[in-house]
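Chain IDs A, B, C and D follow the sequence of writing; residue 1 opens each chain.
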Amino acid sequence: MLKLGVIGYGYWGPNILRNFSSQPGCRVAAICDKNPKALARALSLHPAVYATSDLDEVTGSPEIDAVAIVTPVSTHYDLAKKALENGKHVFVEKPFTATSAQAEELIELADRKNLVVMVDHTFLFTGAVRKIKELVDGGALGPLYYYDSTRVNLGLFQHDVNVIWDLAPHDLSIMDYLIGLEPEMVVATAGAHLNGLEDVGYMTLYFPNSVIAHINVNWLSPVKVRTTLVGGQRRMLVWNDLEPAEKIKIYDKGVEVGTEQGVHQLLVSYRSGDMWAPKVEETEALQLETRYFLDCVAEGKRPFNDGRAGLRVVRMLEAAEESLKRRKEIVYASSH
Amino acid sequence: MLKLGVIGYGYWGPNILRNFSSQPGCRVAAICDKNPKALARALSLHPAVYATSDLDEVTGSPEIDAVAIVTPVSTHYDLAKKALENGKHVFVEKPFTATSAQAEELIELADRKNLVVMVDHTFLFTGAVRKIKELVDGGALGPLYYYDSTRVNLGLFQHDVNVIWDLAPHDLSIMDYLIGLEPEMVVATAGAHLNGLEDVGYMTLYFPNSVIAHINVNWLSPVKVRTTLVGGQRRMLVWNDLEPAEKIKIYDKGVEVGTEQGVHQLLVSYRSGDMWAPKVEETEALQLETRYFLDCVAEGKRPFNDGRAGLRVVRMLEAAEESLKRRKEIVYASSH
Amino acid sequence: MLKLGVIGYGYWGPNILRNFSSQPGCRVAAICDKNPKALARALSLHPAVYATSDLDEVTGSPEIDAVAIVTPVSTHYDLAKKALENGKHVFVEKPFTATSAQAEELIELADRKNLVVMVDHTFLFTGAVRKIKELVDGGALGPLYYYDSTRVNLGLFQHDVNVIWDLAPHDLSIMDYLIGLEPEMVVATAGAHLNGLEDVGYMTLYFPNSVIAHINVNWLSPVKVRTTLVGGQRRMLVWNDLEPAEKIKIYDKGVEVGTEQGVHQLLVSYRSGDMWAPKVEETEALQLETRYFLDCVAEGKRPFNDGRAGLRVVRMLEAAEESLKRRKEIVYASSH
Amino acid sequence: MLKLGVIGYGYWGPNILRNFSSQPGCRVAAICDKNPKALARALSLHPAVYATSDLDEVTGSPEIDAVAIVTPVSTHYDLAKKALENGKHVFVEKPFTATSAQAEELIELADRKNLVVMVDHTFLFTGAVRKIKELVDGGALGPLYYYDSTRVNLGLFQHDVNVIWDLAPHDLSIMDYLIGLEPEMVVATAGAHLNGLEDVGYMTLYFPNSVIAHINVNWLSPVKVRTTLVGGQRRMLVWNDLEPAEKIKIYDKGVEVGTEQGVHQLLVSYRSGDMWAPKVEETEALQLETRYFLDCVAEGKRPFNDGRAGLRVVRMLEAAEESLKRRKEIVYASSH
């Protein structure tokens, strides 16, 4: 029986608490939050859990085997470090850390202590992403051409991170999972209109083998969009996460370049066949992910969404930050 | 009665010929194309038009008052120059020219000779764009925040220009029209997968007053998308050009930042009200635009979509080209 | 403080219990169900409620002021009668009763005892229906022409009633509310394919003033549809209850018949203007309805969704039943 | 070389003329219309065709082998009879005739004279209907349960026939083609709001083997809908004719009724799998149909959309008419 402490009971914490609570072989022993109202809410649903505002009662308790860190990103490093130093496995919200140096240190620490670190890249456990992974790995799409995601809506404005740090980690973790390579170059552009933090942002990632990825994130859109296009040589797919049914549509469409001799212009021909929407499993992603965490701890396995996966996402975010920063220097230097 | 010569009868030429032919006060006197089959097609629909493969019979004919240039962009400069030098008004396809230097020279020449140059930014004459212009100018959206366009489909692959030069001019001319300012900086990213020309491309344009614009163009998309989001301080709109009705939806939605004293975090509040889809006029854009060209010639007026408007679009395309080129240098220099 | 007993804790019971529990001035004193598992589920969420499988402990208890009857329709009459005879107000699921005779008897009984009967026509309390009612009563649509609803999906098959008794009461109660008149004639058609009960059904209702209503209900549809068209002389609206936003779209469209003299053919002209999607309130319907029940009891008011409203819906269902039955006689009699 | 005369050049005539004109082995020799403007329009596009307002020059001309009758239904019988009597093959608009007696007479006459009669049930030649026919005949859907079509929009109001005679023939001819059986009973309901003709109508058709069909036609709908659901035991499909791509979606969904012994309630279980949108051919239906007419004439074949198919549709329309009429009698008789 693994005894878990949950730190943070804000927007996402209730889902973490509910899912770990319902897993066989796991008992949520403690919940920690500085906000007494949050603790009261947690207790009303989970009366048997010990509630505290003292972090050390969780990260330092000999009763606790693992901690789930569900707090703002700026606190992840300190909390995870303390937990790991005290010999506890760690389940931590995305993005893993605020800097890649922090991530590297935590990875090294966990390795040394032989502890599991799992970063909550929840989308990797959805039926949709698991189906797309299966299609990509099985060759249904052929070699990939591009990954293009739009993730926009009105709000929720964050006060500590910009729209790229807030929304892009979902797509970065998914493309990291699907493409299996690190980008060669990252270009980001963004605009800020309200509280100084970027609320509209774009990222392009150049991967090896001419794979290009693009992310469009926006807190100021009048409509909610969650649509990703994935283009391959053989087939292309559209994933619309807002569709209640038929989230993924696979198009038997493609382009071929002919090689006829003596022709000046390249012959580009189009192929257009059936569309197919495979059934997508509907099990709650977090249920599968929390189960997977418990299994990794029990069997001493390293999860695929481990600290290294978290580090790769943080590196892409840092590269975006750097790209934005350089641009600003150029902007102010230029005179039109 | 203005006598017009049309040069080029490929994909778009038939529309130009049909529209000018039906305008009162205009007679299409000659059609020129190197391809005999194209001429035959033109004659079958317009038997009274003189058909020729000799350019000089159009640009040099004393019978002809104006020419419509409906050929690939690489030929625009030579054809327009010859026509202007021979005292003819010019209606020319977008993009205006292959370089801004060419555009500047043609503008200077037309000014000197007091001739009309109109660049065929057809979208500016659609009911949708005219309605959006009216909303922006009337203050319905408030100060603009962003313009974000997605223009993707499968093909048609071009052999002489990449996807940005092919598709982005539509959006560049529209945003130039709506925003009324030139961008301070342009960032472009793109990928090429088939014949060496970029088939997936992205542009970000930074305008004064924190207005940011973004364009997503793609020849390799399994689905056709023609959607533009325009966000302003007061309201936001979605323009879906594929909708048969309700092309424009205006959302009474917005975000406000509070300024309460003594509060650490900025208070961001959301406003969400009605949606409204104004009726959009359905007159064919090219009918209005060809009428406007004839009126400008008759009244000696300079059109708003003149050579200068064409030049501004070419400058943005050149900036995108330059941005892409610099990136390539960096890519090859870097070792991951 | 009104003390309520809830009878039945199946599919809908939990919503009734949750909503009454959260209302000020109301205490759910007892919950009754024959199924011990259902009672256990109720207790896990509402530990303070008295749980019993003995109906008399609810309908007969002097501690209880009102009962909510959330059981299959065949039991409504007996339960409501017992409750009313014992002086309790009654909140009862739709359809009110299995026959109009039962409904009439209950209405008479409640009137005599001065007790409130409310039939749970939940949809009348949704933001969408309240907005449509406001538009109809305010004359925005003009005199009504038709009401046409499609309510189809895969399952859930009922074992005691056919698809018309299962799904049509929603639409019947809504049209009764909007039109405010009783139908002059009801025609129903239907087909049965699996367990002998009709799984595909259609109703047409002829109202005075040439208002026609139509309902399409189907348990065997591969897609879920919840769309209603309401046409009036001045405007028409589409209510799509599956839209997360913009549930109601009002079209400034219409048809006018000219009266030009001497013209053989009537001149029919079309008017087509803007579309408008008013913001629809999102408060849970059952929260408003349970509040309204408590207020009616407290103030001795007769609710607009009283037993008479329930009776009108039952009458339409009976008429449909009769129409179906007559058809069957004809079918078997005919030889093609 | 078959020489064809076309009678009627209104809304649909231009399509008939254009398609027959472009068929090898066919020459449109004459076009007849009472309206001189219509003839002028025809001549501007087809200058070589002989234009006349005298019917006898077409139906009586020894130069002409076949006539296409593209006039209002009330005239079909007289025109077709005259043409057949003069030994001409006949291509005639839907619905075939105004009464089933007329249709029977024409069939008998054509049989006797060994002439081809084809009724223009255009939809049967669309890629969508041919694909659905292939799916039904191949058993992909299993035994059919229902066919449910919605065909609504604003206008075009007809002056001679009601909305059922105007729009339902499309669906009636399609269901006749797909189901392959004649209905056992027809029930129609309808409302009239403007010029005395029904503008909103509903038909239910009971076929053998519990197949039920339903048609919803409406000239007063603010939105255009062209959606048909076809449910079978194995699979179900949705045909949305307004979708530019993916017109047909086949759902691997179904319901099964268990037969467990000793269980009171029937066990109904749901099956929900993939969705699949087969590519649908885009050749213009009328091109295939006019080709088929010419082939039938050349080879002396009887078309599947012959006079008998036309008669079956007219019979269903007559049954609907009869059903509506009886209802009216009842309405006026009843006092609520």
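Descriptive notes on the structure:
Here is the rule we use: a residue touches a chain if its C-beta (ideal position, glycine included) is under 8 Å from a C-beta of that chain, and two chains touch if they have at least 3 such contacts.
Everything numeric in this text was worked out from a predicted model, so none of it was measured.
For the interfaces A-B and A-D, the C-beta contact count is higher for A-B. Taking each chain's centre as the mean of its C-alpha atoms, the one that lies farthest from the centre of chain A is D.
A straight line joining the Cα centres of chain A and chain C is 44 Å long. Taking each chain's centre as the average of its CA atoms, chain A and chain B sit 38 Å apart. Mean C-alpha positions place chain A and chain D at a centre distance of 53 Å. Multi-chain contact residues, meaning those touching two or more other chains, occur in chain D at positions 223, 245, 272. Within the complex formed with chain C, the chain D residues making contact are 145-146, 148, 150, 152, 154-155, 157, 159, 182, 184-185, 187, 189-195, 200, 202, 204, 206, 210-212, 214, 216, 218-223, 229, 231, 233, 235-238, 251, 253, 255, 257, 265-266, 268, 270, 272, 327, 330-331, 334, 336. Contact residues of chain A toward chain D in the complex are 245-246, 252, 272-279.
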